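In the two assemblies presented below, chain A is common to both, partnered first by chain B and then by chain C.
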Partner chain A sequence: MSVAKPLPHDAAPLHVTGQARYVDDIPTPANTLHLAFGTSAHARASITALDLAAVRAAPGVIAVLTADDLPAANDVSPSAHDEPLLAEGEVYYIGQPIFLVVATSHLAARKAARLATVTYAEKPALLTIDDAMAANSRFEDGPREYTRGDLAAGWAQAATTVEGSIELGGQEHFYLEGQAALALPQEGGDMVVHSSTQHPTEIQHKVAEALGVPMNAVRVEIRRMGGGFGGKESQGNALACACAVVARLTGRPAKMRYDRDDDMMITGKRHDFRIDYRAGVDAQGKLVAVEFDQLCRCGWAQDLSLPVADRAMLHADNAYFIPAVRITSHRLKTHTQSATAYRGFGGPQGMVGIERVMDHLAAELGCDPLVLRQKNFYASGGRYLEQENEQVAPSTAGVEEDLTSRGAVATGEPDKVVAVPVGAQTTPYGQAVVDSVAHELVAALCEKADYAGRRAAVERWNAENAVLKRGLALTPVKFGISFTLTHLNQAGALVHVYQDGSIHMNHGGTEMGQGLFQKVAQVAASRFGVPLERVKITATDTGKVPNTSATAASSGSDLNGMAVAAACDEIKARIAAFLAEVHQADPAEVRFEGDAVLVGADVIPWEKAVAEAYVGRVSLSATGFYKTPSISWDRIKGEGRPFFYFAYGAALTEVVVDTLTGENRMLRVDILHDAGTSLNPALDIGQVEGGFIQGAGWLTTEELVWDNTGRLTTHAPSTYKIPACSDRPPVFNVALWPNANREPTIYRSKAVGEPPFMLGISALMALSDACAACGPHYPALEAPATAEHVLEAIGRARAGESG
Partner chain B sequence: MYDFDFEKPSTIDEAVAALSSEGAQALGGGQTLIPTLKQRLNMPEKLVSLTGIAEMKGVSSDGGTMKIGGGTTHGTVAKEAKGSFAGLAKLASLIGDPAVRNRGTIGGSLANNDPAACYPSACMATGATIRTNSREIAADDFFDGLFTTALEEGEIIVGVDFPVPEASDYQKFEQPASRFPLVGVFVAKHGDRVGVAVTGAGEDGVFRWTEAEEALAGNFSADAVSGLSHSADGLISDLHGTAEYRAHLIGVLTKRAVAAAS
Partner chain C sequence: MATVTMTVNGKSRTGEAEGRTLLVSFLREELNLTGTHVGCDTSQCGACVVHVNGEAVKACTMFAQEADGAEVSTIEGQANADGSLNTIQQAFQDHHGLQCGFCTPGMVMSAAALLKDNPKPSEQEIRNYLQGNICRCTGYHNIVKAIMAASGQDVSAVAAE
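Presenting the complex of A and B:
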């Protein structure tokens, strides 16, 4: 079986030799046109005059389009229809596309775009969380609120309480490959679009809308992206629609890619938050009441902000049982880039809130934060032991609505009410936590990384050193797996077996470097019992698998792995029935292993078995379909079982802080992460390492700064600092925690895309610990913990102290 | 980039002649100028490369003076100054990356006078003399606010003469993304005279912290400056840090430089 093997990424040799083809590498026809947007210079204004004469006269310019020139819909929003491709007289952020330049080269288009004379009548802009709160500028009619338990009783039991607030910055995706699209006009008005997208079906849908054609007139293809991180879930719509519209109007291929600065100015980022909190523990240190106000800056358009803010609420508990809790979420509308999906999708922000509460409470109690954390973990769930007898039942469910964006509104009734086992602890939204391994996993990590010894060593160091202070923190992760919009939890696959025994595999997931294609190919090879080399991985294509969900919410392997397994099993069943009949055997006894088909006593080599089946007129092509069972969710009430299961992990980070300047670095990181029974430990460890570093980057060096006119001033790597190779901790021990998924996922694996991102929270908490070592007060460290913020926190820790 | 003519003279005189025409501009290592040309922020009609002028290159010592040709790269300075002038060698070795250090020149850096450039602090702290094709200019008279110097149109920095200090050090607090100094402090001790110069922080570019210089003159030790703090007035507040933070760093880095030098 090729599953569970630590095989390298399927395209690794192509990546390192430069052969791997990204959208920008696709050879373009000679007459291809290149596009660039002219963008708004004001955060909020009416356009009173738009003089494009100089743009039109610039060298190489073929056409300049405004909203009036678009053939059909002028909307690139994922669902709310509030995001025009080109502004219609009003602008809502600096960087908003106003007009589209069509030229003979990328450079000519960009140069010409700067030549417009736009006259604006400026209006007051809302830029910050406070601006938006004061103006009651928000999405939805009011704040969302989830409550559970008796808060008044909780507060009455509280022996120790804390109250505070934490600011959490946004984050630029910084995918190495910028956004790109290429549209190739076809006969009869059809369109083929290559798009660097995590959501080909959404591109297909938006392009169809933009052209005024049905979805069957548009085919979208994507072989791979150079990173996505959520930034290519909805943000590619504008480029794809622009290319398609130009290809339609001119009859020529059209290509668009954003330069890095344009990409950072135009596209959305992670939502920044402020979280106000109040929390109490009883005399035993058990949480009795917690209240959160999550203020979320969404930017100018709705995009995916509602489900992002929902997920922040759904992770406000992290791995802790909170009997009485209120979580209030404000989704604030500001005149800045429209914040969008980013690895974790709000979960990280919600989780930082409760980890900050734990850190603050421990400081108040004067105890080790880890002890307080462990006291409050959800009770352990039973472990799944039966590793055999895995059956993948192909589903025969019918087609669901074509509402493939996470920004879509849930329609129809939830599937069914999911019963909560008696006595189980539940999350604030009523889902039973029956799979928690927080206790065991954290205990194992403490043992492995010598938490107790290192805690003592850090205390010794801090007692002996005045300038350099060390900090240590161990934080857990419990992350819910499934799209919270229940109907998105479905996937399709298409598998062909050719007459020579080679296999063509296709599914709705997209590859962005995470290794999804390799993991799913391993599934296919395992189902057929053949070596991996027999399986050809092919580009995601809306013409092969329709109505796909975005490759997002960590769901790629879970959903597509199951769909591919279902397709393979369908073909296997046909081959087995045919060969059983020929060989006078029971179809149920036919086995596929060792590159052969075993029928009774006969061992038929795979190629021969396939050739026989072909000659026997057996269909060797099948689709597969999967829908996640057992989930249902009411996002207005905040009740149900939104998640199929939880993925767990924990990180122990040690840092050192220079108390004179606030400079800091990670010294050592130890991680144990639960990827279930890993489909590919090498790829999964890669995801854990990368997720941790990206999460730590968010909370330490990555600082987005807008000036007081609403202009993003950090729009290039010269001003915005992502972690580089040299920023890794010198000691970085990452291991997987063997923990077969209790739920019947593909080979009992667990999703691994997003959960490790939140392991990075341990870096922030370790810095907080180091700051706390400087004085008697709680340092209340803000994120990102830049050197200046760390120095301020040290100042707060020392406040009032002399010397 | 706009079109331009290109000349590569081999003597200073030829270079001066080439630069006398309207719209001509000197080109050193191009590490600053070429990116500005690419962004079309500048449109010289002619670029006069100084990289072929042998007499403007290299490092030599003459008594207590280190003479560095205006066309000498940061990489060469880092190597040549290592033994005798540690602070300057360290400063040069921390500029940019190997590519920048192998192309960028001291003359280019001084002529450009970026408020976050490193070399101006070394010149100010040591009391260096900037030699041009026509005159000698004391460091204190050379730097004239952001991106502005005492250089006349067409004037070339042919060299810099540094009085070699007994002890020196450069402390650079790097802005993490660009690695330019958020604040840089150069400290140089020449007998009783101590120079302390600060880059990256001043709204008018590089400046000397005379209060610290006075405190250190009689007592060259970190203790001598431990009671001092620099005011935030006149310091830069920007996306990378507040004026208060920069003021704080000036104090910390000065102490560190003194400690490292003594």
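Presenting the complex of A and C:
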């Protein structure tokens, strides 16, 4: 069996020799055109005059397009039709595309784009959360609110309460490969688009709209991305549509890639939040009531902000049972880049809220935060009986929107809510938590990493050292797996077996480095019982597998692995039926293993079995389809079972802080993470390590700064600090927690793309712990915990709020 | 436009370059050596590291004309003569030192330059040396491990797994 083996990434030999092709590496025809956007210099303004003469006259420029020149739809939004490709007289953020330069080279296009004379009539811009709240500038008609339990009764039981607020910065994806697209015009008005995208179907849909053609006239292909992290779920639409429109209008291939600077100015980032909280525990330290106000800065267009903000609400409990709770979410519209999907999709922000509450309550109680956390974990899942899984029909929705976008609206009747097992604790949104391993996993991590000994050592160190203070924190992760828009939880695959026994595998998932293709190929090889070398991994292609969901929500392996397994099993069944008849055996006893097909006592080598089946006129090609069972969700009421299961993990981080400067570093990190029965432990550990570092980066050094005109001032790696090799902790122990998924996922594995990101919260809480060692007051550390924020927190710890 | 000639991966190559054409653009667009990547355009991410006369250089921070007459090696020239992976390349594969792979060519080229000067670097020396090479996927752990392994050192001390 190929599954469960720690095989290297399938493309590793191509990557280390420079042969792996990204969109910008694809050889282009000699007459290819290159594009660049001219962008807005003001956060909110009307354009009163647009003089493009100098742009048109610049060397190498072939054409300059404005909104009036577009042949069909002027929209690149994933859902709400509120995001024009090119501005129509009004601009809403600094960096918004106004016009499109078409030139003979990338450099010529970029240089010319700077030559426009744009006259603006400036209008007041809303830039901050407070600006937007004051103006009631928001998406949806009002805040969303989920409540559960009797809050008044909860507060009456509270022996200790805290109240506070935390600012949480956004995050730039900084995929190493910037956004890129290449459009190749075909006969009869058809278009082939290569796009660095996590969502080829959405690219296909938006390009079709931009050209005014049906989706069958557009084919989108993507072999790999140089990183995505959510930043290529909807943000590639503009480039793909621009290229396709130019290819249509000129009849020539068109390519566009954002330079890093353009990429950071134009595209959306992680949503920044402010979370106001009030929380209480009873005399035993059990949570009795928690209230959150999540204020989410969405930027100028809706993009995927509604489901992002929903997911923040859905993770406001993290791994803790909260009997009475209110979560209110404000989705605020501001004149800044439109915030978008980013690994965790709001979950990390929601989770930081409750972890901050636990940290603050522990400080108030004067106890070790870990003790408080453990007291409040959801009960262990082992005590619940296996649930019956029932198939649920996907919701139907309207036809106007891109139904494959996470921003789409579910218009069908909510599916039947799945029954809660008797006695099970439920989340604030009513889903039974029947798979929790938080208690066991955290206990194992404490033992393995000597939590008690190191807690004592940190206290000793802090008693003996005045300048350098250490901090320690262990935080858990419970992350819900499934798209919260239920109908997206489906996937397709296409598998061919050729007459020589080689296998061609295709599915709707995209490869962005996470190793999805390798994991799914391992599934295919295991189904057929053949060596992995027989399976050819092929580029994602809307012409092979249609109507795909984005490779997002950590769902890639769960969905596509199952779809590929279904396709393989279909072909196997046909081969088995044929060979059983020929060999006078029972088809049910035909087995596929050891690179052969076993029929009764006969061992037929794989290639021979395939050749026989071909000659016997057996179809050796099949599609596979999968839809996640047992889920249903009403996002307005906040009720149901949005998640098929939860993935768990925990991280213990130790830091040291220089109390004179606020500078700090991680000293040691220990992680245990639940990837179910891992499909590939090496790839999964890679996701855990990389996810942790990216999460810790978000909460420590990665600071986005906008000036008071709304200009992003951190638009290059010189000013935006992502973790470097020297920043990683000197001791970094990562292990997987063996925990077969109780739900029938592909080989009982669990999704692993996003959950480890939130292990990085332990770095923030460890820094808070170090700051708390500086004085008697709660430090209320803001995120990202830059040296400046750490220094401020130390001041508060020493002197209280006036610090 | 000027004609520029350089030895690239052992072969003499000639192409056209403006005065301001960057070496990375020349390699990618003129010579079709697309394994050298452009990540940040501003000499910070290290995805474009190549060797010029044996020294590691960020190819987006040098003009093509400056490399006229130089010996340049790129990721495409790193494999052994028989096409098999060299020690560093093999170690990146074996130790999972890559995910999306976009930073990998620069990492491999930087690692080769490090090991030429310092055949048995300590873990800390590797970490400091690679500060100019950004990886957004891996968290660096397996990259450091790969370079330790490529230098013939025991990697069991590099924790994890």
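Quick note on the criterion: the second predicted complex is superposed on the first by the 778 of 803 C-alpha atoms of A that agree within 3 Å, B and C clash if a C-alpha of one lies under 4 Å from a C-alpha of the other, contacts with A are read in each partner's own complex, and residues count from 1 in each chain.
The working rule: a residue touches a chain if its C-beta (ideal position, glycine included) is under 8 Å from a C-beta of that chain, and two chains touch if they have at least 3 such contacts.
In this text, all values refer to a predicted model and were calculated from it rather than measured experimentally.
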First (chain B), second (chain C), both or neither touched by A:661: first
Touching partner for A:174 - first (chain B), second (chain C), both, neither: second
Touch count on chain A, higher of chain B and chain C: C
Contacts of A:799 with chain B and chain C, given as first, second, both or neither: neither
First, second, both or neither for A:456, with chain B first and chain C second: neither
Which of chain B and chain C A:134 touches, first, second, both or neither: neither
Contacts of A:17 with chain B and chain C, given as first, second, both or neither: second
Touching partner for A:719 - first (chain B), second (chain C), both, neither: first
First (chain B), second (chain C), both or neither touched by A:694: second
Residues of chain A contacting chain B in one complex and chain C in the other: 717-718
Of all residues in chain A, those that touch chain B in their complex: 660-661, 663, 701, 703, 705, 707, 713-714, 717-721, 788, 791
Sites on chain C touched by chain A in the complex: 25, 28, 32-42, 44-45, 47, 74-76, 78-79, 85, 88-90, 92-94, 96, 98-105, 108, 123-124, 126-128, 130-131, 133-144, 159-161
Parts of chain B lying in touch with chain A, wherever the complex brings them together: 173, 176-178, 239-242, 245, 248-249, 252
Chain C partner contacts - residues on chain A that touch it in the complex: 8-9, 11-22, 24-25, 27, 107, 173-178, 224-227, 229, 259-261, 512-515, 682-683, 685-686, 689-694, 716-718, 722-726, 728, 730-735
